[in-house]
């Protein structure tokens, strides 16, 4: 296994304080390895974005990080906990080490500044020693990399199409050549053609620059195709984690299974679409035990009382996958570290 | 460029409508300038003198409202606003020329200052929610709920006086001749401090509040989070990302408030005996001085329109989205 | 005069928020408005003034116009707020004057609100030439400064009572509200649910009254409160500068007398202060209600109760955008951990 | 108002060093307009026109019956029952531009008034105007007995300047040239400064510079008076003792003598039951003029009218008919009640019922902003309740009020009368049948109460056109009798020509002891006062 | 012909909609009226008991077609026939009569229900407008049961915000069913819904089609779902229809280069890790609709583009599979080329 760059350990995020707090992310442990694409899937409200923002400490109030640590391993030097950084250190850490691409590029770009200004802003903040012309050159180069010609540098966001804006955001995310890029549904607003173009470009760039991607989406079929590993979230927890192929071929958690069965396939046999009955849980009134149990076709007594632990399933001999389920054969034998 | 034509039509129409209203409203008032003068000279004007005034003002001749209206437009286009009755036979234009600078200087500058201060405080209040600034809001609300004239009078009583630094009335020391002399400007500034202060107190909270609310709204926009994520300095995010965007909706509010200047200035000028245009209007209304009233309204209307135009332009400059091509 | 105009346009660019908190019944959500401390304070004070407006004339110890031999007396047990140059009891004047103020304020607010709804909503909904005409009309009214206009109009009406003053103020101050409502209606008009209702076959007037209007309630309410503030201020100003013809007592009349008798120069502060404070308190109450409405409409504006967070090690961190507080960076996992078995350790 | 700036410095320090006099009026910002004919000019509004333009004869405004003091005319003579006037013009008077003043200028000054109705404020029916040598002869188309003072106090303007003006009625006269001792030094909307000429046909006054400041309102003016930055003014100051006099009891003085004009409660004599003179007399008997004077008029502004004839004293002492010489207004509730019962009214408990059994109610009305009148009305309302009349005070809109008064649509209102050199103006204004118009018809210039008395009309006519003093006296006595017996208006106060002044820097002001002229800075006599002023401490 | 010919309910022919572009100062001088060519010359047939899918990327004019068919917009040109009769209604009673037979479901379940009204209100209005009140309470229950919101009492008095997205969409459908229509225009009825909920709503639609014998226009940009739910699929590009035919044929054997691009771009889990755009694949962006490309609108992006493509508008060419057609010059002369073009 490759070396980790970002280790999320026992991560907890609450919205609000005290008794009213909504526990949006609970006890998430996840590792992003160097150079890999880690997909994070799950339906709306399962806490994917919350986790992404939490890792970078960008959650808006009333979000608080109520526990856990995020260990970052720089390419050279000692690992440190992002949660322990001071504001100033955090500012330095951001974008230079970990950048983030949000869902809606229109909203991510400040409508009143030129894209060049917004790009150069980052360089200015992190590499003040660079001369202005060098900054411009760097920004230009990056934009070229994502397929935007230099003459669009001085455009305002609204003058670009959705796909171009999204590419600008990706270019901006890479401008400081960070180790980790977090992408929160970066392509959901685009049509499939554009989506494929951008993802293809991203794959190419990753090969060139060697960063790792945490890719968030609820489109599982996209993830299967695009990412190396996939983690499935449900109700604020990771319920399953495996290599894409493994997950696609043989998902262990009933929820992952349901998800995979919800997508109509375009090619091949017309599969039967089962879907998942019921509706997503309310974070305020989480079901006891496994939060999926009310919707789970295979639920049994234990599911409603005990929260399953994420771990390597006991029954079959899997090495690098884990699941949180009480079903026979999936009960973990070991906690994923 | 997008709405230039539309705007132009709007300005022309509004100017026409407002000026027409300006023409008709004074004429709806019963009574005439002479009866008002009688009031002014309560008991000291003989019946004969009154008749001579009708002749003097040319009110003994009856012109139809329509022909007056046509004349009025003729005058407006020639920049000739007629002769004031109150200050007969001084041309209205002269009176306005004399009072306008005062209003612009005092109320214009304070409105601007109030906007700037209020907006800055609002930026801070909205950015650091829950800090002391936020707690000050109810206090400023209370201050702004005080009727302006009451605050002004109270300020005069408490702060102004013969032994005080603050003069209680006037635009400058009575003995001075207006001009670009140090003593005159000093005196003018000294006389404007108290009125300016009271205007500030009662108007600043509105700006604080709108700006704060805009900041709060903008602060939850994605691009702010992105700006934080980019590791920009706090200041840069606050000023160049949040405040810059939050300011936009306030620009047109500011332009509109320029329109309310004269409405508000009326009370300021009454209370502080300030020689501005609002006081002219007050006098004109009291004296049924139609030409003066029309003149003041003309100035107000035009300045509001100009302010709006400026706001449009400012908006155009500040918000690239309105510059959209194609 | 500077009645704070409502900031609702700025606050809700997109109209009523999708409720942030699904699951809470709508009725309870409405009550939550009252639970807002600002709104509650404002409402209580407003209720108090309304009460005085109703019972003021009965509980007033004296006839407010009755002269007595106590000329310009400072406050005393006999005259709580002192007396005027004619020996009139100022406390009674304030009590009796409340009715006029509240009446004019509320009525003018009603008139202006009704007009702004009529004009703003129709302009926004009908669009086209009707919209152009109506918005031009409101623009003209916006450009004409309201107070001078009110002064002029008020002085044209022969012997106007409270009713007339209220109508004049109402008829001259609807433009702002109309503009806000128009903008809002424009954005609502193209909402899917309006289109959907149209596709179901609803008639135009039903679309306006049942689909659009309910969604404007908060804006209308806040516009109403804003106009009431403006109307109260205008009314008092009119009385104060001696333009309005109100024969009955109101706070402005008291101030007018105080001013024309140069109460402050005479040292008769008691003649001047109570009415002014009453106005300020009423104005504040109304503004507070408006804050409440704004916050109700746009929950983001609510300052959350906890703006400071205590971390585990006792530091207190402020919640703010961009830097999420970390309560404890070494919290023990709350879920049970399966203890490793010894044999696995070896393996 | 400030303590610095050169406005005050010259007058500070030792009072004997004073060279400047600060005069104030509460008339708001002015425009540069020195045309003496126009009441709207700064010169008229602030009163400085009298420092530049001088009258032919100086007549003491509070003693109009005394012969005037020769000024630009040394002699004047009325002939042919006041239809002809011969004037002898003073020699050696020079205009401020150095040109001598001649009879031509005087004649031209009359010509101007004759030619322009707008300038002929007193509507004098000029006939011929001829100048020869130092004589000017005028004829009039009617007897000018009642107008004689108005004609004699006409001010003189230089022909060589005025004949060049395009339209004298519409000229702001930026550079006024007159015979007076002062010329305009500078003008600002707030302050007009006048400076002393080098030469003058009389002794030069001691005041080197006059500063006329226009304050925006009474409050500002009062403040200025109280703190001494204004030394002379005419303004209504409520509670004048506390607000003004007590601020400097030694120097802050005021003197408000009456002139021949009055204020009173005009009653619509066509409205029942107020068409009954007995009711009006009874009302008169209960009105407390002391309260009105002290509370409504701050104890000084409009003096009480004492004589029951309504003629202000002491200005009109000499006109009062012998039978009314010592009859003064006094509150007499019992007398009033008797008067009413005699006339068939009944007082039932608190309510007065007229002979037909209807309760008597009355609406007293005045514009909302006129605080002194409104105060007066409040007092009258109270007073009337003592004889069971239920009065309400209606604070009307000013314009509507004017219209209603003009058209006779009112019950009763505080209003003024004309004033003049004799009580004729008062009575003519109140009772002249010639200007009587029915209720509902406007355009009246007096007799708002629609008082219809042929007897009074006849007496007025006689007075104006009488050939001799005896006829005039008889006519005036008749008018007084009508006034006392019919009470078409209930007089409350006299008009005033007073002023508030400070003796801190300047002394020599007119007062009770030295009544050489009214103390109002906007009256013609102001020039006399200025000429009479001496620096304090110089005596 | 595999396409079973059932009764035609609603058809459109030559349907065109141009939105005027707001004029600017510069345009005044040029004297030309710019328009957005949102929909051009669409031919569409809805049959009883069949689902017709309309797919195409965002902004290609799908919603506009739906709104035109629902008579919410006036059309610029063309014909809409209900049971063979041309209908043009703008409002009033006629519009109601039309709405009774043709109902539309809006794209966004979160926006298409008025937040201030309860479910009961929405449904009652729909019933009442079309005079189907009858036993109101019973009818309301029936409606809710039809869309599988059971038990009905639980939902009747809820406000939209108290419902999940899928539930809201069901209420929208129930509202449309309240009019007892013959044709249902469903404008991306599931695009806003979560993966796990989508399926339920689509299954419901299919079920309704079968039970109530409705004619359904199913608009989507998810071509995979069209394959599953629609009998017939039409592909739209920049305001024009480019291909049509039985769903299985269109998705498995796309003819038009745009359809091919679309299908190639759709995520496909079976293509693990081979993420890259084939060299011969078209790139670029959709054209501006204000000045659409001449000839075939797809030609600037098309890898097979010929000279003719940029000048002449391709008509519909029938393809070997019955009912399958494409508007592409590739199929002009030699229909056999289908194989080659489709790789």
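Order of writing sets the chain letters: A, B, C, D and E. Residues in each chain are counted from 1.
Just so we're on the same page, contacts are C-beta pairs under 8 Å (C-beta built on N, C-alpha and C of every residue); 3 or more make two chains touch, one makes a residue touch a chain.
Remember, predicted model here, so these are calculated numbers, not experimental data.
Within the contact network of the assembly, the step distance from chain A to chain B comes to 1. For the interfaces A-E and B-C, the C-beta contact count is higher for B-C.
As a whole-number value, the distance joining the C-alpha centres of chain C and chain D reads 51 Å. Look at where the CA atoms of chain B average out and do the same for chain D: the two points lie 39 Å apart. Centre to centre, using the average C-alpha position, chain B and chain E are separated by 55 Å. With centres defined as mean CA coordinates, chain D is found 92 Å away from chain A. Listed for chain B are residues 29-30, 129, 220, 225, 227-229, 234, 270, each touching two or more other chains.
Multi-chain contact residues, meaning those touching two or more other chains, do not occur anywhere in chain E.
Residue positions of chain D touching 2 or more other chains: 219, 223, 398-400, 403. Only residues 67, 70, 72, 91, 95-96, 99-100, 103-104, 106-108, 110-117, 125-126, 129-130, 159, 161-162, 172, 175-176, 178-179 of chain E touch chain C when the two sit together in their complex.
By the touch rule above, chain A contacts chain C in their complex via residues 10, 12, 16-18, 26-27, 53-54, 57-69, 81, 83-84, 87, 90, 282, 284, 306-307, 309, 311, 332-335.
Those residues of chain C whose C-beta lies close enough to touch chain E in the complex are 16, 18-19, 22-23, 25-26, 191-202, 204, 210-211, 214-215, 217.
On the chain B side of its complex with chain A, the touching residues are 129, 220-223, 225-234, 236, 240-241, 244-245, 248, 318-321, 323-325. Partner chain D is touched in their complex by these residues of chain C: 65, 67, 71-72, 85-86, 154-160, 241-247, 256-257, 259-262, 265-267.
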